[in-house]
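Two complexes are shown next, each including chain A; its partner changes from chain B in the first to chain C in the second.
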Partner chain A sequence: MVRYIIKRILLLIPILLGVSAIIFALKTVTPGDPARQILGNQATEEQVAEKREELGLNDPVIVQYVKYIVGVCHGDFGESYRTGEPVLSEIVPRLGTSAKITLGAVAIGAILGVLLGIISALKKYTWVDSLVLVISMFFQSVPEFVVALVLIMIFAVSLHILPASGIDSAKGYIMPMLTVGLASIASYTRITRSSMLEVLGEDYIRTARAKGQTEGNITYHHALRNTMIPVAQSIGTSLGNSLGGGMVLETVFSVPGVGKYIVDAITARNYPSVLGGALMIAIILVVINLLVDISFVLIDPRLKTTIISGGSKKTKKAKAA
Partner chain B sequence: MAKMHTPAMEKIERKNAKRKKPVKSTPSYEAWKRFKRNPTALVGLVVVCLLILVAIFAPLIAPYDYQVQDFTAMIQKPSSAHLFGTDHLGRDIFSRCIYGARYSLIIALFCTIAAFFSGGLLGIIAGYFGGKVDTIIMRIMDIFQAIPMIMMAMCIVAVLGNGIPQLVAAIMFASMPTMARNNRAAILRVRGNDYIESSEAIGVGQVQMIIKHMIPNAVGVMIIYFVGFLAVSIMMMSSMSYIGVGLAAPTPEWGLILNDGKAYMTQAPYMMMFPALMIMITCFAFNLMGDGLRDAFDPRLK
Partner chain C sequence: MSDKILSIKDLVIHYETDEEVVEAVNNITLEIGRGQVLGLVGETGAGKTTTALGIMGLLPARVGHVIQGSIELEGSDLLKMSAREMRSIRGKKISMIFQDPMTALNPVKTVGDQIAEVVLLHNKCSKAEALKRAQDMLAMVGIVPERYKDYPHQFSGGMKQRIVIAIALACEPDLLIADEPTTALDVTIQAQILDMMRKLQKEHGTSMILITHDLGVVAEMCDHCAVMYAGEIVEYGTTEQVFDNPKHPYTRALYKSIPSLDKDVERLEVIHGMVCDPSDLPTYCSFCDRCTEKKGICAKGDPKVVEVEAGHTAKCFQYAKEWEGK
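Up next is the complex of A and B:
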């Protein structure tokens, strides 16, 4: 197990290097001179040249990249062109805001999704089942920003219950959380439904029925626990999805999170901020994925063989063939 | 023992003879039969067909030009002259929404085709050759996948600028890892079959093998991804245009129309209502259809 974890952590290094290289490449091919952009049109050529030297833009791209990576390893993500502040100190407080929304959204999505999934599994192949699936699919297929706009039109413009944007009060969090949460319901409903149906077909459920357990007892004490294994695993995926999809949502609700920070930086061509924000999100995503994979094994020890040893055996076999 | 011929038996025989009509049974026909039984999928299909018709006949349906500005009729409520009302420049929102179908569907189609020819092809190559080629391609895709799709697309648009070809390129790049993964899996499922081995044994060339023997058998799964990705690209396109990183202003794309209406949300909510409705209907219909296709082509995936 420990060896597996170490191997996975080592595998993160090339991925993160690759991610930073891709974004760094995008930055270097962008037309326009960052130095000119910082100083504005009034600056003289000498001032611009001086600034270029100061920013290290005259170095070869490889040197710039290596310098950046060395900086990142020391916790230095560069300085924002716009404010001159270190990118890291701008991102960290925003991460907290994004994390709050993400966690709230996952909670809403998971609770509603699991409930609906149980209902549709118990009422399988009836109209209730189809209705639940169609509704949850609706929220999954419609873009989040459209759902967000509809919620704003209902709760902020017509009813005046919730603020249309910003998170000055706790109320401001409700709509962003709800929007992301609704979008993730469908995957939970589906997973819960299929997993529940599978578990309900197992022998130990039949035994429980034969012993004369009530149907409610069977559902909640015997079936639900095993149903939760794949559900718990999908929470990790949806954490990552909502964090990555935060850019559009945070812009719609003007929530000062990492997503909005990156969008603002993209439109202002503020590349150190884009690079820092994107790298930060990539780091969080790969770490979440790693934790999810490890938690797979902790929740369901049966997977130990398939993930750790079985997986590698299979690849060996494939290589031999 | 001699065969008995009672009237009742003759009746049964006649019935059987009637039934023995040759039944067409190809995998795609079976899939269509399953698809037909799925009411939600059929609704999706009908709506998608209607949208395609609207897109084709947009100039005939739309009463006004989508970009003509009429300053005598700005921000008007929906009426018989302007079904969906007019926007802040006096443009007819109904006409813009109708043309929006044309733009959204065509751009989505281009994005999907581009994605299949880049990521999809990489996946097919990785799946077919396996070994080192597979490892190298998929490790690179792992790196791309660590960047969220929409963030990748927005960064590329930031580099290339707003516009239709730029947007297509951005969505193509961003979707590469997912496309590669899906198509690789589709090819791998075919690869294990015995007939592939026998084709190899009689010396079928590699290109011919992929095009003639593998893709036709993986086509069901690929259709599912194709329709699914149409929906994804419409979603991404409208989301990106809405926050101003995607298409440029006069294009009647639904996300852009929504963006125009944003400032007038309180005084003229219909400016956002109708384009939002169009996006919802389109995305939902494509997803319903895609879901039905998945169940029809591959009942095991359900």
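Up next is the complex of A and C:
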């Protein structure tokens, strides 16, 4: 198990090198001078040249890149051009904010989605099944920002029970979480429903019935865990997606998360911040994927032998009498 | 108490899908004596599994329907029972071993838990006692009891089948339905499993329906034998009667199609043609199109079941009065 985890963490290295290389390449081809951007239009040419020298922008790109990577290895993601603060200390609190929203949203989406999926699988081909399908498709097909605006209209503008933007109080988290959560219900419902239907048709469910087990216990004890295998996979994916893809949402609700941080940094050509944000998200995605894979092993004992090769191999021989 | 544990009368089972109605079981009548083993033979699609699922009340929901008939277990009709009553019978009074051991076990539960489950359902006992019973059952079917903590994928096919048998026998059922318990296994394991089943059946006095398409297995294990064809029982009798004096042309054809060591035949005879499509059965004898002994009358009507000797029946016009001369 430990060896497997270490192997997966080592995989981070090529991924991070790739991500940073791409962003570095973008930096060299986009027009505009970051030094000029920082100093503003009033600054003289000498001042700009001095700034360029200070930021190391005159070095060949490859040298800049290597310097940056060496820095990252020491936990130094550079300083934000805009504020002069270390990027890392700017990102970490924002990451916390984004993580809260993401976790809340995934929890809302997964809990509601899985429940609806189970209900529609158990009531397949009835009006309940169709109703669930319509509701979840509705939330999936309406774009997130529309849902966001409608929620703002209802809860902030008309009812005045939630703030329209910002996260000054815990209430501020509710609408962003709902927006992302509602949008993801449909995919959880669909995955859960089809997975559940497939599992309920398996022979071992019939075996359980042949034992005299009740339908409730069959669903709960025999079907649910097997059903959750593909669902866990999609929870992992959507955790990653909404963490990295919170840009529109965080902008709409003015939530100071990583998504908004990156959007702002891109507009300001604040490369250290863009790079730092992107690398951070890449690291988190890899870690989440690792956690998802580990949770698979907890759900499905068959994987213990296949995924984690090199683990302790039990040699048990059955003595057939 | 009657000496029959199970009696099936005029049972008809259909599978009804959007496109077609499959007449899988057509008017079968069968009895199984207490402590006896009945062999149910027939080629693929004959309706053997369907009959078994009908007895268990486990026909696929919405699709499988019992159209008519009765299935009496010790005098009470299973078809009239509530879902709750059926649950108390399944696993306790009637158990079933399914056709494919590879998929019959839940991959995410330990085998010990899966055996203990049926014990807990039908006995007032603690989880620990049930697990103890599970280990005893494993030992009984020849698996090291300590392996109760292992998952199904850690066992071989033959061992999985033993575990499935352990589940089926854990509550000492009165009637065991074994649906081709060995077809998925290789020949040496087959013999072991059958030996074990026969031993357990004798020890516990369990009545058994053994479904197979292997006549050798029937000869070895069964007291009575029922031959199924296109959802009907075309011949029924004691194993000796049916083997020594087969009355139905289909049974005779079956014998000719199995290899035998002591007869020196050039080549095996095959039964020509295909089983008729159960969604489009003929109104006349369903074996007529493949029968080598048929006469004109066979294509005109459906033969009745005739008792050809005491306890030996065949569904064929040869034993009807109309046969002579036509």
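Rule of thumb we're sticking to: the second predicted complex is superposed on the first by the 282 of 321 C-alpha atoms of A that agree within 3 Å, B and C clash if a C-alpha of one lies under 4 Å from a C-alpha of the other, contacts with A are read in each partner's own complex, and residues count from 1 in each chain.
Just so it is clear, a contact is a pair of C-beta atoms (placed from the backbone, for glycine too) under 8 Å apart; a residue touches a chain by one contact, two chains touch by 3 or more.
This one's a predicted model, so the numbers in the text were calculated from it and none came from an experiment.
Novice: Kindly classify A:Thr251 by the partners it touches after superposition: chain B alone (first), chain C alone (second), both, or neither?
Specialist: Once the two structures are laid over each other on A, A:Thr251 reaches chain B alone.
Novice: Can A:Asp129 be said to touch chain B (first), chain C (second), both, or neither?
Specialist: neither
Novice: Between chain B and chain C, whom does A:Arg269 touch in the aligned arrangement: first, second, both, or neither?
Specialist: Only chain B; A:Arg269 stays clear of chain C.
Novice: Just chain B (first), just chain C (second), both, or neither: which does A:Tyr204 touch?
Specialist: Touch status of A:Tyr204: second partner only.
Novice: Under the stated touch criterion, which partner chain does A:Ala278 make contact with: chain B (first), chain C (second), both, or neither?
Specialist: first
Novice: Of chain B and chain C, which one contacts the greater number of residues in chain A?
Specialist: Chain A has more residues touched by B than by the other partner.
Novice: With the two complexes superposed on chain A, say which partner A:Asn226 touches: chain B (first), chain C (second), both, or neither.
Specialist: A:Asn226: touches chain C, not chain B.
Novice: Name the contact category of A:Gln213: first (chain B only), second (chain C only), both, or neither.
Specialist: In the superposed model, A:Gln213 contacts chain C only, not chain B.
Novice: If we overlay the two complexes on their shared chain A, which of chain B and chain C does A:Ile299 touch? Say first, second, both or neither.
Specialist: After superposing on A, A:Ile299 lies in contact with chain C but is clear of chain B.
Novice: Residue overlap on chain A between the chain B contact set and the chain C contact set?
Specialist: 318-319
Novice: Of all residues in chain C, which touch chain A in the complex?
Specialist: Result: residues 56, 58, 86-92, 95-96, 98, 100, 103-109, 114, 117-118, 121-122, 142-144, 147, 150-151, 153-156, 158-159, 164, 167-168, 192 of chain C touch chain A.
Novice: Please name which positions on chain A make contact with chain B in the complex.
Specialist: 14-16, 18-19, 22-23, 26, 29-30, 130, 134, 137-138, 140-146, 149-150, 152-153, 157, 164, 194, 243-245, 247-248, 251-252, 262-263, 266-267, 269, 274, 278, 281-282, 285-286, 318-319
Novice: How about chain A: which of its residues touch chain C in the complex?
Specialist: Residues 202-204, 206-214, 221-222, 225-226, 299-302, 305, 316, 318-321.
Novice: In the complex formed with chain A, which residues of chain B make contact?
Specialist: Counting only chain B, the residues touching chain A are 40, 130-131, 139-140, 142-144, 146-151, 154-156, 158-159, 231, 235, 238-240, 242-245, 255, 258, 265-266, 269, 272-273, 276, 279-280, 283-284, 286-288, 291, 302.
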